[in-house]
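Going in written order, the chains are labelled A, B, C, D, E and F, and every chain counts its residues from 1.
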Amino acid sequence: MDLLTAIQANLLSPAVLFFVLGIFAAVSKRDLKFPESLYTTLTIYLLTAIGFKGGVAIHQAGIGAVWLPALCAIALGALIPLWTYPVLRKVGGMSVADAGAIAAHYGSVSAVTFIAATNFLKGVQEPYESYASAFLAVMESPAIIVGVLLGKGVLGGGRFSLSDPGIRHALRDAVLGRGVLLLVGAMGIGALCGKRGMDAVEGFFVTPFQGVLALFLLEMGMVAGRRLGDLRKVGAFLLVFGVVAPLVNGFGGVALGKWVGLSTGGAMLLGVLSASASYIAAPAAVRLSIPEANPTFSLTAALAITFPFNISFGIPLFFEAAKRISH
Amino acid sequence: MDLLTAIQANLLSPAVLFFVLGIFAAVSKRDLKFPESLYTTLTIYLLTAIGFKGGVAIHQAGIGAVWLPALCAIALGALIPLWTYPVLRKVGGMSVADAGAIAAHYGSVSAVTFIAATNFLKGVQEPYESYASAFLAVMESPAIIVGVLLGKGVLGGGRFSLSDPGIRHALRDAVLGRGVLLLVGAMGIGALCGKRGMDAVEGFFVTPFQGVLALFLLEMGMVAGRRLGDLRKVGAFLLVFGVVAPLVNGFGGVALGKWVGLSTGGAMLLGVLSASASYIAAPAAVRLSIPEANPTFSLTAALAITFPFNISFGIPLFFEAAKRISH
Amino acid sequence: MDLLTAIQANLLSPAVLFFVLGIFAAVSKRDLKFPESLYTTLTIYLLTAIGFKGGVAIHQAGIGAVWLPALCAIALGALIPLWTYPVLRKVGGMSVADAGAIAAHYGSVSAVTFIAATNFLKGVQEPYESYASAFLAVMESPAIIVGVLLGKGVLGGGRFSLSDPGIRHALRDAVLGRGVLLLVGAMGIGALCGKRGMDAVEGFFVTPFQGVLALFLLEMGMVAGRRLGDLRKVGAFLLVFGVVAPLVNGFGGVALGKWVGLSTGGAMLLGVLSASASYIAAPAAVRLSIPEANPTFSLTAALAITFPFNISFGIPLFFEAAKRISH
Amino acid sequence: MNLHSMKLVTIVCESVLEERIVEVLGECGAHGHTAFDVRGGGSQGTRSADLVESGNLQIQVIAKPAVAEVILQRLHADFFRDYAMVAYVGEVSVLRPDKF
Amino acid sequence: MNLHSMKLVTIVCESVLEERIVEVLGECGAHGHTAFDVRGGGSQGTRSADLVESGNLQIQVIAKPAVAEVILQRLHADFFRDYAMVAYVGEVSVLRPDKF
Amino acid sequence: MNLHSMKLVTIVCESVLEERIVEVLGECGAHGHTAFDVRGGGSQGTRSADLVESGNLQIQVIAKPAVAEVILQRLHADFFRDYAMVAYVGEVSVLRPDKF
């Protein structure tokens, strides 16, 4: 399958089309009135399911296979803010707070983008290291910590104190937020249970999984769509950044994945993780610790530009890249 | 299978029995405390699932097979208020507002009644045009518009102005309400994805579908049961109307379906749609645009009489009628 | 499989591990923010599913096989408060109100403990009378009534009047609470539908069942974990009582089950029911009718001691006991 | 515009009491009420909403001053000792005094 | 601390009206609002929240006294006759009067 | 009946602040609070509740007048500039003044 076919197949998947429907609903101001608890419930389900499956995979592959690529993933997450921050400051002319905030979002990861990528791989029947969700788990926090440090101006000798209650709450959230806890917890459970546990809960955690993702993307489409109106407010620089940053990070992640010995599917997933921007963990932690940053900038870039770009074009692109590098 | 067996099999289906349980809970004042968000979530699921399946069917049958019966369905929806309104006015002695409001409800459709009918067909292994959910999608709005026009007294030269904010909101709701958007959206997605998309999401949109309907009917039973107390308030005429109108509309729909070339199952579904009365889209639109109409009349008739009648007796009756006409 | 293997297999099941994860989240003060409606929804699902399956089993086994063990179950439920009350009064030095309240909790039953036990049996492939959920249904109320009578001091000639609004509300809740209504209702539906009904809804009520239980236990773990802090408040006596009472009641239930002719699996389930303490129906009824009882005592014992004990050690223990007695 | 003085009684209490309190309000002469689920904390600990037992509820009633006083007295007599509960009264104005 | 007097207008009404009322509040000159779903009962029967049609909503607006009066008048003119609705006004104090 | 004057402080703000504000209320000397999720709109745009980030929260505290004043000052100092937030105070009466 060549790149164009892959892009087309991806664009015509239920997941992406439901996302488009959600955007349409938001843009045409037809509130589908999804209950708040549905959003949370779907998130809990997706994180638990992906974590559990990853854990069962770790059980089968052994921790020995996982630690090195996981370490690379952590390094990637921590490094991305370090290159995005100066670009945001110098090229984008952003304030220290805003640059740090955005850097935190782009270093951290989006679980749903990752899940959409695994579904894509399942669709094109490309195998991947199913323990890859471990990378997802370890990449969420480091970038947030680095980004917050940058946004509080530590580079310029800025004030940063652990006694600041905002920073205290934010760091607690970043290090062991609910997303990480669910993901790592379910992964530990999967690793302890192995195949026997999977047999018991497969009808819940696997059978309906892809359909649940489609429903969730419908909701994400509405969330992203409501932000589209803010695109005017963020300026041309951020529009470009929202596409270029995931491309750079994504190809970097793919290359690193290949280098550390991951399969084509696994390298593609590491690329997708690098390319993705957090819109759950990072926003909350950043809001608490860098309140002077304007959340419209980071959220609009992450949700209304990078997220749609990744799930529509990024995923097949990084897949193609992973295939190329392997040959 | 003869009519009595069909009725009995239908009455002993999980869906109908859960509905009865819901009525019992409401009547015996045992609030089962279903969370509000569960109701909405189940609605979203059922509409999305039925729409998606219909879309996949359209993908397979081709749009050429769908447009003519869909046009008949639209005509049916728009015509039903035109005969029910004068009956409600002259025989029932209703006010202009109330007659228009009730006519809007009976011209429009109930998605859950439709879904129950497809489950019945699955149970008796009778094939049907699975794109029939397209009829459901197109029948919701026209009747509401006609009913609102009647209820605002356009026949008697009444005041009707698009600058009335109630009417503006109501028409927007009627033309592209959330029900229609979900249904048509999911249908479009199914039509674009086809079989390949269905394979991906079958474990969510098909496997648990019938069970989810049963749970939803438990909740609908409570909603209908709470209205039973209002039966005294609506008067004998509306009690009779609530059974006769679906019979007339239902047999009319079956006949039209046969005439336009639908299979026995498909004609039965068109009959069920005509027979069913809206209890979601119509009430909201009518409440906003004809506030002087008493919602107790239309909702009690639709929810406490016609809905239970249809899912218990109407469905097997219209099935029998569809079989008879075909021979 | 010997006892140790059984305990180990049980401790490594997804259900128990998710429960532990929930406790960890609560203890480390990481609120996973499960929406309130998710808790209710999962409860509704589990009760309906277990009831429906039990009803289908009754349909197949015939009511003749069920009535005698069900009668034993009722007797068990009513008798347990009669021995626990004096122990709580004399050995524990509890007030009349507190002793009655706790006795009501321990005579009544926990549906989730029962469901975890059926999953355990499925895991070790031990057959059981699947109509056993009928025991669950009939054991909830009698103990609450006996416990409330004791707690209102009827033994000491205390005031107890049906005109007390608290008692009125409580008895109504106890006799036909929502749990009982859902369970008995779904059971009746299953009994009426039989195998044909099960075929229709299996994809919803059976396929995802074990996974849903795991998710629910994650939530229960948080609920139990939040109560752990109260362990200091309840005193050493209640800590011991919370383990000894389920052991005594559980072995008694197993023995009675064997005596009345149940299989190993069935006797084990009756034991688990006796051992389990209610944390939904009893707390509400007791709070309304014995407001002077301190809910911290009964809830901490039931939720933070007995529930975790039963699902981790009790279940394999009672299974082993049931196997021993049969040989 | 002709505004009339009324009392707004607000009650925060255990969810388990909802039916009973609505009953009491009717007995005291109130003609309506509004209720919703809340979370909170007070002298009897934190109340989340995951079990009905530990759920928390807010009820608001607009009533004539005399009715409001009767309500407070009943709450005091029937509930204050045994249940987690807070109740307070404020002044409000309404357009249609006969509704309350 | 410099506190400024404002009015708090509270509206309890059918959920179906949410969009329209928010529109009306803007037209009357309010600069914000807060809304949440409630259940309740009054002269037009019990309102739970399982169908949007029978849902119930509470909307709160802080506004200058003159704006509050206009809001009440509009509610009276446009909604009181046909819809299940209760509206009342109370006195509150705020720190930043220019926000409202 | 012996009623005592208290202040009711109401705060509407971003959900992300819940834990911090509850902490602040305790530091200011409040003995309890009630919170629930709301939606709304104000100078910083519409806040629905689908992402915690854009969620909205209402917190109510009954407190002695002096405590209420301290609370407002803290909110002003710590939050007003950077966060979407509204806070106002009203008068209420309670039966058990020692509870607050």
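Brief remarks on what is shown
Methods note: a contact is a pair of C-beta atoms (placed from the backbone, for glycine too) under 8 Å apart; a residue touches a chain by one contact, two chains touch by 3 or more.
Given the structure is predicted, the values throughout are model-derived calculations rather than measurements.
Touching chain B and chain E at once is no chain at all. Two copies of one chain, chain B and chain C, touch each other, and the residues they use overlap weakly: the shared fraction of interface numbers falls below half. Between chain D and chain F the centroid-to-centroid distance comes to 19 Å (mean Cα coordinates, whole Å).
In whole angstrom, the spacing between the mean C-alpha positions of chain A and chain E is 40.
With touch defined as above, residues shared between interfaces to two or more other chains in chain B number as follows: 33-37, 207-208.
Contact of a single residue of chain E with at least two other chains is seen at positions 36-37, 52, 90-91. Chain contact topology: the protein chains form a pattern that is neither a line, a ring, a star nor a complete graph. Contact between chains, per the stated criterion, is found for A-B, A-C, A-F, B-C, B-E, C-D, D-E, D-F, E-F.
Residue ranges of chain A in contact with chain F, taken from their complex: 34, 36, 39, 165-166, 169, 219, 222-223, 226, 279-280, 283-284, 287-288, 291-292, 295, 299. Those residues of chain C that touch chain A in the complex are listed here as 12-14, 17-18, 21, 24-25, 28, 30-38, 41, 119, 122-123, 206-212, 214-215, 218. Against chain D, in their complex, chain F makes its touches with residues 1, 3, 6, 8, 22, 31-36, 62, 90-96, 99.
Residues 35-37, 40-41, 44-45, 48, 52, 176-178, 181-182, 185-186, 188-189, 192-193, 196-197, 200-205, 207-208 of chain A are the ones that touch chain C when the two sit in their complex.
Interface of chain E with chain D (complex): residues 10, 12, 36-43, 56, 58, 69, 72-73, 76, 80, 86-91.
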